[in-house]
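Residue numbering begins at 1 within each chain, and the chains themselves are lettered A, B, C and D in the order written.
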Amino acid sequence: MDLNFTKADQEFRDEVREFIAENFSSENNAGQNIEKYHEVTSDQMKEGILSWHKTLYKKGWIAPHWPVEYGGVDWSITQRYIWDQECANAGTTPLIPFGLTMLGPVIIAFGNDHQKDWVLKGILSGDDWWCQGYSEPGAGSDLASLRTKAERNGDHYIVNGHKIWTTLAQYADWMFCLVRTSNEGKPQEGISFLLIDMNTPGIEVKPIITIDGGHEVNEVFLEDVKVPVENLVGEENMGWTIAKFLLGNERTGIAGVARSKKAIDKLKDIANSELNNGEPLMKDSSFNKKITELEVDLTALEYTELRTLAKESQGQGPGVESSILKIKGTEIQQKISELTLEAIGNYASPYITPLSVRNFGSNYLEVGPEHTQGVAQNYFGMRKTSIYGGSNEIQRNIIAKMVLGL
Amino acid sequence: MDLNFTKADQEFRDEVREFIAENFSSENNAGQNIEKYHEVTSDQMKEGILSWHKTLYKKGWIAPHWPVEYGGVDWSITQRYIWDQECANAGTTPLIPFGLTMLGPVIIAFGNDHQKDWVLKGILSGDDWWCQGYSEPGAGSDLASLRTKAERNGDHYIVNGHKIWTTLAQYADWMFCLVRTSNEGKPQEGISFLLIDMNTPGIEVKPIITIDGGHEVNEVFLEDVKVPVENLVGEENMGWTIAKFLLGNERTGIAGVARSKKAIDKLKDIANSELNNGEPLMKDSSFNKKITELEVDLTALEYTELRTLAKESQGQGPGVESSILKIKGTEIQQKISELTLEAIGNYASPYITPLSVRNFGSNYLEVGPEHTQGVAQNYFGMRKTSIYGGSNEIQRNIIAKMVLGL
Amino acid sequence: MDFSFSEEQTLLRNTIQSFIQDNYDFDKRREIIQSEEGMSKDNWSQLAELGLLGVPFSENDGGLNFGSVETMIVAEEFGKGLVVEPYIQTVVTCGGFLRRASESQRQEHLPSLISGDEIWAFAYAEPQGRFNLADIKVSVSKKGDDYTLNGDKCVVSGAPWAQKLIVSARTSGDQSDKKGISLFIVDKASDGVSTRDYKTVDGSMASEVSFENVKLDGSSLIGEEGDSYALIELVADETIAALCAEAIGAMSVLNETTVEYCKTRKQFGQPIGKFQVLQHRMVDMFMQYEQSVSMTYMVNLKLEEEDVERSKAASGAKVQICNAAKFIGQSAVQLHGGMGMTDELNVGHYFKRLSMIETQLGNADHHLKKYSLAS
Amino acid sequence: MDFSFSEEQTLLRNTIQSFIQDNYDFDKRREIIQSEEGMSKDNWSQLAELGLLGVPFSENDGGLNFGSVETMIVAEEFGKGLVVEPYIQTVVTCGGFLRRASESQRQEHLPSLISGDEIWAFAYAEPQGRFNLADIKVSVSKKGDDYTLNGDKCVVSGAPWAQKLIVSARTSGDQSDKKGISLFIVDKASDGVSTRDYKTVDGSMASEVSFENVKLDGSSLIGEEGDSYALIELVADETIAALCAEAIGAMSVLNETTVEYCKTRKQFGQPIGKFQVLQHRMVDMFMQYEQSVSMTYMVNLKLEEEDVERSKAASGAKVQICNAAKFIGQSAVQLHGGMGMTDELNVGHYFKRLSMIETQLGNADHHLKKYSLAS
């Protein structure tokens, strides 16, 4: 047992740190900067999100978790951990996970050579923006009951259905999509995994405005959408296997420890500048205690994540540990957003309309101190983290079944 | 809407207060005085418990919730509330509920004239100590699955079975008991309600020592116990109806508000005398906050109880409100015991053996300040309140079904 | 002891329920809050016509002479309807000051308030002051009988709609002294008053208000100069009592909506309301609601008690309401799953209003400390 | 970074597991704690024979020269077995002081400690001091090279079995000064030492210890006079690290026992472990356990860091362990229903031990404050 990094790891960290310092600046990534995002246009937002992606692509560091032969990097688990840490510390733009984290490994494991070629290339370069067509109005946590239908017609599937909660579909070029190709056997047995060009006629993307006023998720309607048969991944009706593989792969950074640390630092800054009976709020013993409890909880999660990574580096798959990381990670993120809202007192109230939905509101200018901007929106928006991606209730069901054998 | 007592109610309160002051002293009720109970013998304990009962019997106030014709008192709901309050404020010995609260109303509703005569008389005078034979090892919350069997044999039932968690059975003269008289139909349909003399041959009472070191509950083994047929209450196989009636009747004072107030007062006294970095612990903002939260919660419960009583006095039955009172009441009681344990710091540790189980331990003398005596035992013992009498999980199931219709 | 409502009170409740049913379904509300104006002047006139703007005022002053229970009923029903019109700001808070003002002030101001012609807002918060009502930098200097007002107030709820403001200002003493605080009636159109109006997350509106050498004469002073802190506390407690009522109204709708949703929404072949974990969560929401109702009744029935008792009641009630608001709001969104996150459903709107009530006039921590100090 | 155990460490763990399997089933433990003696001298000798009493000491001092990870392993396994023999008190705490004592003190005392001939206890707590290790009234006056000790220590864990005590006492300064605290080795048989021994709720024993003009010579002073507070903090943190390990051992048994019970116990026609509410409770118990394991590893790996970092690690770990101990202990009893309340099952015994660990060397509130001050 040992907490220290090796000398090689330390050198790696220095290299990473230097690279980030030289190549990342928040200015050209304004789309992700919540205090400023109401000043940014939609195109600038997409460009901003992709700017860091493209920098990493040029450097060759865009897909550290992929095998080297497919464009990955030969980093150890520890190095990948260091990389995540340093990115979080520098506050780099989060990479969009749909291609890199979700679809990429699926194609590597299940795709044919042609798919491996064009799909992976587009993901790496950032030229293809992917979105995930999983959930449906009647099938949220219960994916097996999905109803979007793909019927074989010569060289094509004809797809009809309705997807929902499709994150950032408004920017997407492609969608990987679970569709029903058979109604025989158990519900999960008739599902297939299709790649769909978002420019195909019959696809309509309709925004869903969320309670934070943001436009991040969408409904996607598919009406007689023609999808070439070669866009099927794996065999017909093996979509459930692929979906499960994908879910198990979603773990990296799921706990969000490094970013939560940054968020707590920011919360402390705020609590040091907000006054309470003439003193910094941070000196209020009750508020201070809540932050301290959160810090301790986050430290425990950090070491739980490290233990998981260590296991993984010894070849033991991560398994259900990712459910713990998801539950605790999102609980902590939500609590930070809650305390930040609490910290800003009366300035919880002003509503600044996000750019993406300007027509829904009217405040473009800031009100109150800069650190209060977007805090309430963030609090409301963070409620989603315990719902999306397998709700925390579902994660607990998984642990109960898989770990405790109940 | 009005929070005030009428003038008549105020006069009643004065009368009650005066009566208690003149007739109750904790000295002659040492059996219930947790700081002293290790100095008391078992017989003294029983006598102590009954002493206040007998005082009230003499006064005619022993069964205010019974109809006057059966020995009750003609008090309004508000008066009964005042009575409970005043008893709690004075710290009077709690009355044993098995006869007064549980069996009495059952006999009044379902008993025949003969039973109404001898059973009620014995309860009122305190000459008959009753215990409740409900739970069995295989039937805790799930009473319908009970297996203790009563077979008709001429003028008698022959009872065989095994009851558990029988509170204070060591003092009991009689037990009211659910037994299975038929295996036909639904499990709840073959249950009957029997009165059993604890002196009948074939009954063995075996103590269960609980984690607080106390002896309050027991196992009761019944082997070929002969019970005269006239000890059947109601019809054969109508025990389930009676059992449900009884449970619905258990509500009075279930929230324990007045006693919890007293316990918080005591907790505050302790926190004022315990030192923390040279200052009273009560001045520690964190500890102070926990007590304040508890006080607010208890105030809310107090008014929830008052609202329930007000409804009841207008003839609307209490129904599931009693489940809320049970859940919140026990949660608060447990929390008080937890904070009291926290308050005494290092003196949580010494174990003073309760008298009833002296042979299981060895400390008879007190260690540490008087206010620390029995605090840890009380904390451990209070865990039972969320388990017995329908666990808090079961209570939530009841609310989900009966109120929310889920 | 009696927790029942009189026939007259029930009638009042029915009146408001009809008003909301007719004027305040979800789509109409959305139109109102998305409009430039941000509220409905038409609704305001209707409230005036129904007499509701006169609820707490004496008959002499042209009011209905109702007590706190009636105000509670109005606020609770408005909470159910998520009404954005500034009833509490105008009638309960500013009305609370005005009905204790001088005869001549009452005669001057109450008729136009009760008739709905003028909306009022109370400007008390300052950026450095957090929830401390005595932490006041806005200052007033006196020359003869005239006053000059300077300084900034923040997040003044309802101010964009108001013609009149009541402003707490320091006439003497140090920044946090309870002594030296005075109340002034300020016409928003006066020279030197400037506002920056904005929408708030809960669908209402507020302003940042600046005063630059605003001239006031003696008739604008409410009560004795420098001696208004106790009155501010009293009216703040009355406002808290009304906010609690508004909150339980909102909670009741959220709870019902959530239970209904869980009965109909199916996953894994059954209504999600069959899952025990969700059932128990809803039971806890229900218990939080019941406890909140209890505390709301309690504080509204104790507003006439002497200061310490009243203040404890208000703080205790606010603590319960804050905790319940958070738990019920978060749980309702969680149990609605993705749907709970959408702007399209009412769930998020109730959640946001409840979240703002948590902060208004002090959050749980603030009132726990206040409660403890009063004990 | 590496969280795996070496082969040697796994061997050590196996050794202890065998010891517990052979000597510490539930009935044997009950016999031990109900005996007059309250512990098993025989077990203690076996621990000595296995070398376990020498774990943290250098080879020069006759020990195994192991580090904190090995101590953690021992404590964790002892936690699983609910071992009452005073290993942490003697080896970790008093051993922690002694291995930093002078050469001559080590030569005088360590052999009989490691051989199992002498048991040690650390007398630090005082009734007024709560968890503040510097709040010390027990005083020492000096004449020439000799000292005289006076005052009372309370709840000295393991003292009934001890031959030797280490006592924190004030040689100068005011009651809570960190400066002026010294450590003395006191033979329990010395004139003027009197004890009142008693059993503790977790099946161990402790004493109230009084010192009346107890004479000590210079060889009993550990470290520099008046300068021992930093050492006390260090050893307290090491003790906390071991207590955390003991706690996770106890938690793991409680969690397993509870899951097993819920799989077999039937109600309403199915194992109660099928009820989702109970499942999620057990999941939360499991997560609390995993988080506790993480913090226990963390603190044990950070004991060598400099003071502030180490102190933060210890306080953070203790906070997590206290919260988890309470949640897991209370939940285990609740899920066992009536059975969980009985003295007959091991559940209550683990719960009681965990409850005492919460208090030992400071509860969650104490360490939250300490953590915050160190940040």
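Assume a residue touches a chain if its C-beta (ideal position, glycine included) is under 8 Å from a C-beta of that chain, and two chains touch if they have at least 3 such contacts.
All figures in this text were calculated on a predicted structure; none of them were measured in a lab.
S.K.: Which chain is most remote from chain A in terms of Cα centres?
M.R.: B
S.K.: Does A-D or A-C have more contacting C-beta pairs?
M.R.: By the number of C-beta pairs in contact, the winner is A-C.
S.K.: Using mean CA coordinates as chain centres, what's the chain C-chain D distance in Å?
M.R.: 54
S.K.: Just give me the whole-number Å value for how far the CA centre of chain A lies from that of chain D.
M.R.: Result: the chain centres lie 43 Å from each other.
S.K.: Centre to centre, by mean C-alpha position, how many angstrom separate chain A and chain C?
M.R.: Distance between chain centres: 38 Å.
S.K.: Would you mind listing the residues of chain C that make contact with two or more other chains?
M.R.: Where chain C meets two or more other chains at a single residue, that happens at 275-277, 279-280, 368-369.
S.K.: Multi-chain contacts only, two chains or more: what residues does chain A have there?
M.R.: Chain A, residues with two or more chain partners: 286, 289, 393, 396.
S.K.: Give the list of chain B residues in touch with chain A in this complex.
M.R.: Residue positions touching the partner: 285-286, 289.
S.K.: Okay, in this complex, where on chain B does chain D touch?
M.R.: Residues in contact with chain D: 135, 138, 140-142, 145, 164-165, 208-211, 213, 217, 274-278, 281, 284, 286-287, 338, 341-342, 345-351, 353, 360-363, 367-369, 376-377, 379-380, 383-384, 386-388, 391, 393, 396.
S.K.: Which residues, counting only chain C, touch chain B once they are in their complex?
M.R.: On the chain C side, the touching residues are 1-5, 69, 259, 262-263, 273-274, 276, 279-280, 282-284, 286-287, 290-295, 297-298, 300-302, 316, 319-320, 368-369, 371-372, 375.
S.K.: For chain D, which residues count as touching chain C in their complex?
M.R.: Result: residues 275-277, 279-280 of chain D touch chain C.
S.K.: If you look only at chain D, which of its residues touch chain B in the complex?
M.R.: For chain D paired with chain B, touching residues are 34, 36, 125, 127-132, 135, 154-155, 157, 175-176, 196, 198-202, 206, 208, 266-269, 275, 277-278, 326, 330, 333-334, 337-338, 340-344, 348-349, 351-352, 355-356, 359, 363, 365, 368-369.
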